[in-house]
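Notes for the one structure printed next.
As written, the chains take the letters A, B, C and D, and residue 1 is the first residue of each chain.
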Amino acid sequence: MTMVQEMTDQTAPKRGATQRPGLGEIVRRRPEIVTLTILVVICVAVAIINPNFLQPGSLIDMGRASVVTGLFALGVFAILAAGGIDVSFTAIAALTMYSLTSFVIGVAPGMPMGAIIAIAVVAGALLGAVNGLLVHGLRVPSLIVTIGTQYLFRGILLAFVGTVWLMELPPQMTAFGKAALFQFEGMNGVTVDLPAYFLIFPAVVALAWFLFDRTLMGRAIFATGGNPEVAARLGYGQRIVHVFVFGFAGALAGLAGIIHVSATRMANPFDLVGMEIEVIAAVVLGGARITGGTGSVLGTVAGVLLITVVNNTLVLVGIPSTWQRVVVGAFILLAAAFFVRRAPKPQKRKAE
Amino acid sequence: MSDGHFLELRGIHKRFGGVHALRGVDVTIDTGVAYHLLGENGCGKSTFIKIISGAHPPSEGEILLDGRSHAELSPIQSLEAGIETVYQDLSLLPNLSVEENVALGEQLVSGGGRLMRRLNRARLRETAREAIRGVGLDSTPSLLATSVSDLPLAIRQRVAIARAIAADARLVIMDEPTTSLTRHEVEALIELVGQLLARDVAVLFVTHKLEECYRIGGQAIVFRDGQCIAQGPLEDYSRAELSHLMTGRELDTMRYRTGAPMAGEVLRVEGASSGAAFEDVSFGLDRGEVLGITGLSDSGRNEVALALAGHQPLTAGQIAIDGAPVHLDSPGAAIARGIGYVPEDRLSEGLFLQKSIYQNEVTLILDKLMGAGGIVDKRKGREAAREISEAMNLNTGDIDMPVSALSGGNQQRVLIGRWLSIEPELLVLHGPTVGVDVGSKDTIYRAIQAMAERGIALVIVSDDLPELLQNCDRILVMNNGRVVDALDAATADEDRIYQSMLGSEHEAA
Amino acid sequence: QEGKSITTVVKISGIPWFDRMKTGVDMYAEQHPEMDIEQVGPASADSAQQLQIVQDLVARGVDALAVVPMDPAILEGVLKRAMDRGIVVVTHEADNQKNTMVDVEAFDNAEYGAALNERLAECMGGEGKWTTFVGSLGSRTHMQWVGAGEENAKQYEGMELVDPNNESFDDAQGTYEKAKEILRKHPDIKGFQTSAGNDVLGVGRAIEEAGLAGKVCLVGTGLPNPSAAYLDSGAITAIGFWDPQKAGMAMNSVATKLLAGEEITDGMDLGVEGYGNVSVRDGAGDGLLVIGNGMVLADKDTYEEHLF
Amino acid sequence: MLSALIVLLLAVGGLASGGNYLSVYNLQSMANQVPEIGLLAIGVMLAMCSGNGGIDLSGIALANLSGVASGLFALSLFPVDEAPVLFTLTFAAGCAVVGLLGGILNGLLISRFGITPILCTLGTQMFFTGVAVVLSGGRSVTIGSPDALYALGNGLVFGVPASFVIFIGVALVLGGVLRFTPYGMKLMLTGANPKAARFSGFPQARIVTVTYAISGLLAGLAGVIIAARNVNVKWDYGTTYLLIAILVAVMAGVRPEGGYGRVVNVVLSAITLQLLSSLLNFIGLSNFVRDFAWGALLLCFLAVGRFGLVEQLLIFFSPRRGKARASKT
């Protein structure tokens, strides 16, 4: 029938072009492939310069170092996918991890680790939900709202909760931070543990994948990022979407905070705040557009690994400390240049 | 108290701040019937359908759904009742796949709008496949997985309708569904509507194209100034009666083109090709001449227009202005050569919606207005803007009003009027009256003719054949990237043009 | 000194080091109830923020400022203006500060760096690869300490400095990761000399987790309380420090004397432990450099004498 | 609204400090602190106005780099004490050049290479900082205080700090440029709808490049003022300015999605934050309270804006809407 013919005519590249999608097309549709490619190239380059990189220990270290950033990044990804941006998640993490740790120490020293984690997640989610409600209720770009709440949360933490470092963690937290899945023995008797908390990261990745790909909420998030007005018209409740994505990011931030405390074996209220831009950069390097509606969980993980590898191999490849910033800055610019997609933007006809 | 009506609206009022958009509207809708909601720009049509679809709560009045009374509907309530709306922008989610756009709604609504539910991918695919077939598309996995933003407009339109089918709609509302379709595609749409009606679905059209209404048949609902002033079977009203009801004025369907081309060739396109878009296109244009270009949406007509405007580089051939070859590699270059272009999609490509009329009108002459010290001479600029708004007959004298507060027709006039400021040699108008009501069309056509009188050469790219016949000297028909026919507009008829548009495709088939 | 005010401005509020200093300032305030004595500091480690605070204090019209500059150079301008307005200016940890009346140092920075390194060399047996950490390349005192350490290590043929001057940003987590990377790159590394207060914690954790406690030596600046666990486990060989409490009191004591118009002389007793017999030299500018003997090196066996 | 807040803060400050807060010296001192952050915030505003997710994270890094690079360059040419005027001129010009070049780099990367602004300026932020570290070896660079520079950092013009006068001058000029010149109008239109700007034939790449270049130039100027005020420049100065500059801009009502922003509001907003922060220092509250207050203030602003208290009043008194409707045929 003619309509079908016309359709195939129009969707296929016109006259002369092959059916195989070009490189640019792949990059546009599956940007995470670019991230993975860059990641592989960097790893190979580092391994050539310094074969020590290939020890299992060093890979484990990368994995371990990426847990906190990775959790943050998955939260940021949810928000970017819905068309927002968040700079307050580090403050949420700091506020929950510190308040909770001092609560456990002072009031309920025997609280089981599971309960601590659950409380951290819930508290983070609540703080995140505040963001979501503000973004929805005030109808202002989330960048502005979360700058406000970042100052607010950090102010509350340092002005009203406390600034004293907590060095003596409750034993269950220390144990949680130290518990090892397995150990490697390297040269020189160096042992490398894969900590048990590392498992949380893949678990959350799986959860996030399920959420984004297999639930209505996941689709609603992308729908909102694609065009919020249309999404609202089609019945995707915008308030619940906003509250959910910010709550989700908050929950992951709370979790990341408590892992950070357990891993570093101290609760320092000054920690974490300041890494937000780097986390956002990781997510964007993973292929999520800052304008929303795109990206994938896999890409986000790749972006996090990329940033982690670059940050953790500077010494390994022998870049003197004075030059490290230049190298990292130049790297971000180069990687960003790879992402430049000149493909036409989706043609949006605005609602009346 | 159910008397069998599907949907009944009683005494609906809607106020936006101080604006009284709907003033006591009563409308009844039954399933299996087509309705045509008619009225001038700004009379409240969109507002009305937004109230039915739950996008706006009414300020006053009652909505009866299957006999049950509601003060207002939420989007989910409306969807649950089987009311599906295909807005003018199609309301598709550009970044989601076709199958998701088509079939997500069904799962959303069956879950009462709750989002924290598992998505049944298998059911999603099944529903989508069926609905896609229902609108006459091939439901291949690759089509189902394509994101909507990668599809051409006509296919998107069908995807939007497929969504209504997938949701087992009882009422499908379409806000100006045919504005962006070629005639060929309109036929297919009308066929689809017939199928919907046969399945006892109600269809409510918002449209400005009367001939299409008659082809579909059904009931007319006429709005004027926020009130429903007539509802009844279409065949009870003649075209003139409907126009009169809508505008309160008499309009005649005359040929607007009265002048004639003047001496001196302005434009010459010679053997122009651009990649796969069009090939070996040649034509010339005199001062004050109005040339129409038409064809199916993929015939290359759009790209020819874009090439003239400096948006689409040529790969072969050349374009000459006043006999001198020009290299149009950017919009700026085209403007510098005195070529203006009015894009079809005025909201996203043409206008700075939140900015004032003044700012929209002076965009092209900012550099010219620059006076001493690099400062824009605001007095002169405002003068120019005021002149334009008078020449284009804008319905407001307040040039500081944001363009977003104007109706579609007035917005289009602002957009066309912008070019008066630079007195172009050639003006390319792409779909100049898309989505504009009869009254505004009249004003726009008069403005077009006035420009031709001033010696401006005009190219109108459109698939509104009456529009071309009424306004042009000559009409070029394109098909498959080539010019296949050139006709004298005064003597041409719609059928002949239509045949040429489809020409080769029919032969091939 | 009835009613005179002295405000101590620290690098950052809230961190243990300056909380400890605050106990000293508070103690001094208790001893001098007739004066108005307080301590303030910025919320983040940024010299621009500290500059703002000092500037506002100058405008408010305090009588004396006791400043621990985040970055002495950045404060030169405002401290000059303060002195022009007749405000007494005392500094600490800024032996290169030009615009100050008296800079109080707990010890000679070069001696301190050398002492740390000497302790490290002793642990390493004068042999093997070692590296250094600084809070930031911009921290002058840290660079002085590692510089003096490097100088000191030249006495030992066998000591080889590798990948020096890693930046820790005083962040235990970042330091930990960097230390692991170094352990991987140089599996045979024997020693770390660190500078910022948190560095020993990060490096100590890396050493401990690698099972190298007692095998790799770590000497650096740190506070006894936070370091206790790592000292016990042997992951930290020794920490060096001075007591900020005493330093805070010493600064305030000098400020009080200046307010009273007293001279600061060599061998003077500031009435604070470790500053009983200070040596006085000419400072970097027109002011004086007052050096106490507040250096403490503590290890597993001795740190308990200094718990704070 | 910002002006009302400024008056309120001054009044509260005056009462709480027994008038000390309103002393000429303190007013001068506060005015002296505004320009650095104010200039950077105007830079952020320009980037935001250009639309397409525009933002400039590299401002303070570029300010520091310009101070360091130009300082080292000028020091290598002239001894400060022997040729103070020549030195100052070279230094200031050098800062402007470095700032401009850095800004152009940002602009080209964003407009020609199409790199997302937030990633681009994050990358250049690290890059600029890194170059400053390499050049200075991580140490601060002493510019010294030749008379001209000293006058700029500490001098008064009719009782107003010279740096503040310069800041206001720059703000006035830029405000005028944005409102009255073709460039400024094009910038705002481009930010409001890039597609329509393309169809209007605006040279978009050039507009964006120029905008980031101006932002860079402002950073260079901030570099001069920092050097003048502090005698020294250093690569890690003002790391907290990154977020504060954005805070100032959004509090001034600049829309992050582009097309709208007014310089005068940015100036008022910078002054407001300065007054608040100095006030808290005056009454001796901890600086953590300041963070809290800033956050709360911003959110209050948004709430007031959302529920449109001020606009409702304005609309009520403005005949425009009624007229528009009435004139519809």
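In the analysis below, contacts are C-beta pairs under 8 Å (C-beta built on N, C-alpha and C of every residue); 3 or more make two chains touch, one makes a residue touch a chain.
Which chain is which protein? Per UniProt: A, D = Monosaccharide ABC transporter membrane protein, CUT2 family; B = Monosaccharide ABC transporter ATP-binding protein, CUT2 family.
As the structure is a computational prediction, the values presented were derived from the model and not from experiment.
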Contacts common to chain A and chain B (chain labels): D
Farthest chain relative to chain D (centres taken as mean CA coordinates): B
Intercentroid distance (Cα basis), chain D paired with chain B, Å: 44
Distance from the mean Cα position of chain D to that of chain C, given in whole angstrom: 35
Rounded Å distance between chain B and chain C, as computed from the means of their C-alpha atoms: 72
In chain A, residues with contacts to at least two other chains: 154, 158, 163, 322, 324
Residues within chain D bordering two or more other chains: 133, 137-138, 286, 288, 290-291
Junction residues of chain B, two or more chains touched: 348, 353
Touching pairs among all chains present in the structure: A-B, A-C, A-D, B-D, C-D
For the chain A and chain D complex, residues of the former touching the latter: 87, 134, 137-141, 143-145, 147-160, 163, 277-278, 280-281, 284-285, 289-291, 322-333, 336-337, 339-342
Residue ranges of chain B in contact with chain D within the complex: 17-19, 42, 309-311, 330-332, 334-336, 341, 343, 348-355, 359, 362-364, 366-367, 369-370, 374-376, 378, 395-398, 400-401, 405, 407, 418, 439
Parts of chain D lying in touch with chain C, wherever the complex brings them together: 17, 20, 23, 25-26, 28-30, 32-33, 36, 133, 137-140, 142, 145, 153-154, 229-232, 234-241, 277-278, 281-282, 284, 286-288, 290-291
Chain C - residues contacting chain A, complex: 12-16, 19, 43-44, 137, 163-167, 171-173, 176-178, 180-185, 187-188, 201, 205, 209-212, 215, 225-226
Of all residues in chain A, those that touch chain B in their complex: 1-4, 6-11, 13-17, 29, 213-220, 222-223, 225-227, 230-237, 240-241, 244, 293-294, 345-352
